[in-house]
Amino acid sequence: MTNTLLRRLGVSIVVLLGVLLIGFTMLQVIPADPAVAIAGPQGTEEEVEAIRRHLGLDQPAPVQFVYYLQRIAAGDMGRSVINNAPVFDELLRALGPTIELMAVAMLWSVPVGLTFGILAALNRGGVLDRIVMAVSVMGVSVPVFWVGLLMIQLAVQTRAFPIQGRGGPLWTWDGLSHIVLPATALGLILVGPVARMTRTALAEALYADHVRTARAKGASEGRVVVHHALRTALLPIVTLIGLQVGTLMGGAVVTETIFSWPGVGRLAVGAIVAGDYPMAQGAIVFLATAFILVNVLVDILNELADPRIRSRT
Amino acid sequence: MTDVQMADSGGRVWRPAVVIPLGILIAIAAAAMLAPLLTAFDPYETELRQRLRPPGEGNLLGTDSQGRDLLTRLLYGTRTTLMIGFAGTLFGAALGLTIGLCAAFYRRLDMILMRVIDVFLSFPSILFGLSLAAMLGPGLDSLIFAVGLSVMPGIARISRGAALSIMAQDYMAGGKVIGLPDRLLLTRYLLANAYPPILTYTMLAFGDAILLAATLGFLGLGLQPPTAELGSIAAEGRSFLFIAPHVSTAASALIFAIVLSANMLGDALRDAGDRRAT
Amino acid sequence: QTTINLGRTTDADRYDPHRSTALAAAEVLYMMGDTLVTLSHDLLTIEPALAKSWDISEDGLTYTFQLKEGVTYCDGRPFTAQDVVGNMERWLTPDGPYVSRWKAGDVESVTAPDNLTVVYKLKSPNSGLLFQMAQFNFIMIDPQQAASLGEDFGVTAFNGTGPFCFDSWAPNDSLVLTRHEAYDWGTPALGNTGPAQVDRIVWKIIPEEATLAASLQAGEIDASYSLPAWSIAQFAADPTIELFQPIASFRTHYVGMKTSRPFMEDVRVRTAVSHAIDQAAIAEAIFFGTVEPTFSYYAETALDFDPATDTSAFTYNPDSSRALLEEAGFTMGADGFWEKDGQRLTLTYYGFNTSREQAEAIQGDLRKAGIDLQVELYDSTAIWAKLREQTYDLFQMDYPYLNAGDALNLYFGSGSIPSPNRMMWNDPETDRLLAAGNAAINDDARAEAFKALGRRLHEAVLWKPLLLEKPTVAAGSRLQPFQPAGISGAAFGNGLNLAIK
Amino acid sequence: MNPNATIMPEVTPAPPLLNVRDLSVTFCTAAGPLPALEAVSLAIRPGETLAVVGESGSGKSVLALALMGLLPPAARIEATEMSFGGTELTAIAQAARRRLRGRDMAMIFQEPATALNPVRRIGDQLVEAILLHDPMPLARARDRAVAALAATRIPDAEIRAQAYPHELSGGMRQRALIAMALIHRPRLLIADEPTTALDVTVQAQILDLIRDLANETGTATIFITHDMGVVAEMADRVAVLYAGRLVETAAAADLFDCPEHPYTLGLMGSLPELTPRGRPLLSIAGTVPDLRSLPSGCHFHPRCPFADSRCVQEQPRMRFLESTRAVACHHAPLMTMLGSMP
Amino acid sequence: MTLLEVEGVSREFRLRNGLFGPAHVLKALDGVDLKLDAGETLALVGESGCGKSTLGRIVAGLDKPSAGGLRVNNRPALRGRERARQIQIVFQDPFGSLNPSMTVGALIAEPAILHGLVERRWAGERVRSLLERVGLRPELATRYPHALSGGQRQRVALARALAAEPEMIVADEAVSALDVSVQAQIANLLREIQTETRIGLLFISHGLSLVRHISDRVAVMYLGRIVEQGPTESVFDTPRHPYTRALLAATPRPLPRSKMSSKTVEGEVPSPLAIPTGCGFRTRCAHATDICAKRRPHLEDMPHSAACWRAGELPPPAVEELQAPPRLSSALELYRRAAEGRVKLAEGMTP
């Protein structure tokens, strides 16, 4: 068990290095030049050169990457070339709100998706199945920004919830009310995939041999669905949710922009566009690490939940 | 093949669940292709003083922020969007498929190929697309490239999974035993049988690709004017969502129809596949 | 505790007057610090600020400032002439990472004979210096703090003499300012002299324009002037929201033309392009009438604008456009575009992706006039780098200025090639007039030189002026009406006039 | 209705535990209705072992599931009678039917590898089976579960109860399933090919076990198989299914002495044991028909060497030749009919 | 003439856990020697997981031995396409052994065309004759495998194997998944083809009764080793290895209440990851003694030999010959004649 975990983490580091390299290469080629941007519309050649020297941007790219790796290895993610803020601190500050947003989004959308999926699976091929699936797919079919802005318009008219910013910690009313809209918009992305996977996995599990055995024991249909079918169907669903975290992060970029949520997604987009490569690179590494960790966690969960996987070690 | 002909095509694929979304997709694509015949307006002719007119007489869906006929813009925009979705998915699928099949077929490559895929998968796809689009500069080809590369890892994974289960079938060994070269084993045997789940997933990826393109438009990395593209129309129209909701809404609705149909088609194809398997 | 929430779409990279060029930095810096002198609301008169008076030597080379007494920084330390010296030394460090140094003129030395006297010596006269000194780059920081914080100055802390003190900053999210209790040295001509009327000001970043507008409606912010045009038009009809504009504020949108490109070197082509663009329609439609179409490089009300300037080249006149192109040897091709020597009249246009609509409108106008415009839009951080690649014919931009001299100095001298003189306008006469205007030691001489230069440049058709923009502040019902400031477009000024009903 | 096709004559006074008359099962499939069982009648008495044989797809499992009430919703079930211990199964509510399942009638499935819940311990699965019908303290249920495992001669039952299914060998898993099925001493045990997935040496052990345990508890057993060897080993009586129809029922001894239905005869002929070495095996020509398009008349006629025009036109009814022997063939009794032929 | 010689073939699988995991060694085959003559049927029997398929795959060239080697026609076995010309294989699972995306015709034509045995334009002709050879109607050539029954598929698989005109065929449980009636058809067919073409047949099966019926010689495998080998009659009538005896005793036979003696073996086959020392069977063997744990027994060099230290001391087995009851015998005879068309019931001859 710990062995697998260590091995899994070892592989993750290899993957992370790959992410780092690709990220760095791409960011290097982005035409945005922070020095020019800082100098502004009226900046002169000399000013730009001075700024560039000052930021260390005059070094060749491979040298910069080596410096970067050295610093990373020493636990230092560097500083923003735009405002010299320590990348790690900035990301850490933005990570909390993003995790909060994603967590709340998942908190409502996963149960809803599960419920939809169960309803559909139990009525497979029926009218309810079609309706439920159509509804749940809608969430992934409309651009998030459109949904978000529509919600903002509704909220302005009804004055139901605050429309921008983070109100504070989640346990305060202010914090809670601020997260309602962004979490709703973001969660919509997840409902469809979860519902779809639940439907497929459960429909399969409902007629699995061991579920039939449970019925033969005299278990009631409810018990059969919840204790036996859903329990085994949960494995692929959890795996899917782990992978969907990536999509959710993508959605968070947009949601954070629309609802002025101070998260990593917005930070990352801003940094990429501005050519602030230590910050962008940091954000990419952070998000990739988060994704990898979540999926390691999913693997562990699966291992805990499925003795077959557990004993493979 | 030889003189041996195809006979029956197996299970019932042409069910309503397949036909309806496919029909919608084809209808939308046809309308986009025939745009010049369907509308008398010039998609590039601006008329600023006629801007943001609500749907009604003259302009069926109203006008956009430049006073162009919105319906016309949408029709031409659908062309671009389908082009991006199609070409991007095709590119991503071709790449992903090759990687996935090779990983399953040449077991020695599996480890390294899958790590590469993991790298791409761990890269938040929107940031990936964003970096790529920013790197290559705005333009159709870079958008297609960005979209393609972000759908690639998913397809590679699915392909590998599907191919692995085919690899376990006796007929793969059967092909080897009669002395078939790898080229034929990979295509005639592996691909020919592994494709259904891949196709299904590709339909879903097609929807994702279109949404990704729209999101890049929202983030300011869409196509350059005056090219019409649904995502960009929806993204730009969002500024007027409160005063002229028809622009963004109509474009979003069209995106919705395309993505939903692609999703439904993917689901239905999978269900059809399921049924045939049992 | 009273708090005012101000909304805006972008944040500054840092709050350092010597290292920032952005309006986003200026608008906050004006609240956190003071300049030596400032400008009246109409931007025509120099007003005292930290300097209560000043003398200019006959030769125009020595400026002697007398500072107000009792001015303190937020941390309580008294503000002295040495601090002014420290500011200037920092900013003018040779090869330092500092920007906009040309605004300081050709400085010989800045010295402090005593605690309240500053002697500012130039190598050559600079007629615009006092106006420039009102700009945010001249805001007096705490040089000791700047030295000790190094790169973190203006990021983690800022010690200033302004009506508000830096409290905390979460980049791209919010910046909190608190009242500077001791503040009472405000400029009387600008209204309240201090202290500020609210305890806190919170600047919130709301990147999405539509959300920003909705936030004002929902009362989540009290005021903003970075609102989208459509919402201002809408708010004009909204009884709960009031709109204010500064008396004078100069920001002109223009399309620059690069004179070193094959087609564009011909002034007839440039004029034809200019005649083809209908800036009135853009103002009316794209900006919902919240801006004015303009026909000169800088506002006609700006200091040193010559009413005799010939602006006829900048009207919307498709007929002249056609005639000029024919005269220049172009023929109309079968595809509806002009061509010459088998080459289509295709021009490349760089713009900001935030001004997409303007670009599309211009593209549409030119298309109607038979000119094929290839539009390339970039993010505001990428475009500067793109512009340096020198592959454009036209570029679109907007800029703030204080008066004609300011505007002319920025862009047209041959010394500014390739940037910011992106027109590649290399003209000895321009350089001569510019030098004359700057060196003038009296107003008339200066005005004469700048007016002559203005006429010359307008005749050369280097820009197509489009719009004159004044910030419109939209304020919710909580805020008391106030007179927005005009300087640099930072409409909330130093914040002394902001109050809650 | 066919008057002959129903009641088994009463040889012993004991009333049948299970009595099924004219059981038909039709699946609604995308390609039209699929009659998986057609008018099947059978009866089984307490303590008796009835073997149901037939080729793959003949409807053996469908029969078992229909009796258990476990067919998927797509199945339509019709029966004139389906009584169990005096209760008419088709008349009682789902809940009542459920209470019978596992307690009064139990089932062992074919694939021990998949029939157990992979994510729960063997012991817990047994405990669940116990508690579903017999509420008791958990500790006691645990003890009972271990005891039941031990009864199937699983070594170290105490430890094995803590194991997950994949940690056990196929034989042990099958034992666990048997323990689970027999835990409430059901009156009827349905074993659907319980040993096909096992090696012969293990199969022998399992067959022994089922026989012994069923004897101990006095349970009536329906034993489904396609292996004539296993039939010989286990059965008192045999019912032969072909394409969803019962074609022959007989006492095991009689059947092996000489089958009456040509299909059964063909099956016997296919057995290598009964064919001298070197001679070709006697095989039944053709293949099992598609249930959606069954041949007219006797469903076996296209493959039957004795078929005549009557077999093509008229569907033979189940007829009693002796008190314990019924055949659905126009030519029965075969030997008498054919014995005189040259 | 010796067609195939398997010499000391071993096959180990390294089961690795991920990138850095520890490796377990699974000995699927451990020093197997076999010989097969042209026109001969050698049956390989043994319980699940004992290595039968692995050996079959190695013979067919689908896998490489870790040690030992093969000789075909007294020369070291060829590789790849050349091996394919010599040896073909038919698999167990009728549903998984044919490429479902190709028509029957294309499937059968493929090896023939690939090896240049027939020109593309004559392939149809060849397909037709092969289909007839395996007892299928030529119309089936246009069908896809999913439209065929299990028995038909196995016939197609056989036709495909024959299309390469090999010298021997490995039939890996080729009939095990089929119903008895169909099993008999295919078994008959195999025999028929073999007597006609003198093809060598390696018949892998776990069903003893069929093996006894169609094979010339039998090799019994247990945990990757051959434990007994000899002419079919001899092995079945006088089994020498306790495992062979147990296997025979455990096979249920179609005699009512034949009362097999199941007590002969206890427990189940040990995991091939942990094969017992010495004789692999000793853990389940009632006759095991000390030597069995210490040293590994080997096959003697004679026609019928068993790898057992105690083979000589064991009491003779009680194997009774199964005989069909007289009534059944004559009924079967009748059936056979009827099936051959010699008996036709007169119209209306019903009671």
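We call the chains A, B, C, D and E, going by the order they appear; numbering starts again at 1 in every chain.
One rule holds in what follows: a contact is a pair of C-beta atoms (placed from the backbone, for glycine too) under 8 Å apart; a residue touches a chain by one contact, two chains touch by 3 or more.
Chain by chain, the UniProt names read as follows: A, B = ABC transporter permease; D, E = ABC transporter ATP-binding protein.
Everything quoted here is computed from the prediction, not taken from an experiment.
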Where subunit B (ABC transporter permease) and subunit D overlap in contact partners, by chain label: A, E
Dominant chain pairing [most C-beta pairs in contact]: D-E
Distance between chain centroids, defined by C-alpha means - subunit D, subunit E (Å): 30
Rounded Å distance between subunit A (ABC transporter permease) and subunit C, as computed from the means of their C-alpha atoms: 40
Centre-of-Cα separation between subunit E and subunit C, whole angstrom: 90
Subunit B (ABC transporter permease) and subunit C: spacing of chain centres that average the CA atoms, whole Å: 45
Multi-partner residues of subunit D (at least 2 other chains): none
Sequence positions of subunit E contacting 2 or more other chains: 19
Interface hub residues of subunit A (ABC transporter permease), defined as touching at least two other chains: 11, 30-32, 149, 153, 257, 273
Touching residues (chain side subunit D, partner subunit E) in the complex: 55-56, 169-172, 199-205, 207-208, 226-233, 252-253, 255-259, 262, 265-275, 277, 280-285, 287-288, 305-306, 308-310, 330-339, 341
Parts of subunit A (ABC transporter permease) lying in touch with subunit D, wherever the complex brings them together: 207-220, 228, 231-232, 305-308, 311
Of all residues in subunit C, those that touch subunit B (ABC transporter permease) in their complex: 209-210, 213-214, 228, 230-231, 234, 278, 281-282, 284-286, 353-354, 356-357, 359-361, 363-365, 367-368, 374-379, 382
Partner subunit C, residues of subunit B (ABC transporter permease) touching it in the complex: 44-46, 48-49, 51, 65-67, 134, 137-138, 220, 224-226, 236, 238-243
Partner subunit A (ABC transporter permease), residues of subunit C touching it in the complex: 13-14, 19, 21-22, 95-102, 151-152, 155, 170-174, 204-208, 210-212, 214-215, 217-218, 220, 378-382, 384-386, 388, 397, 399, 410-411, 416, 418-420
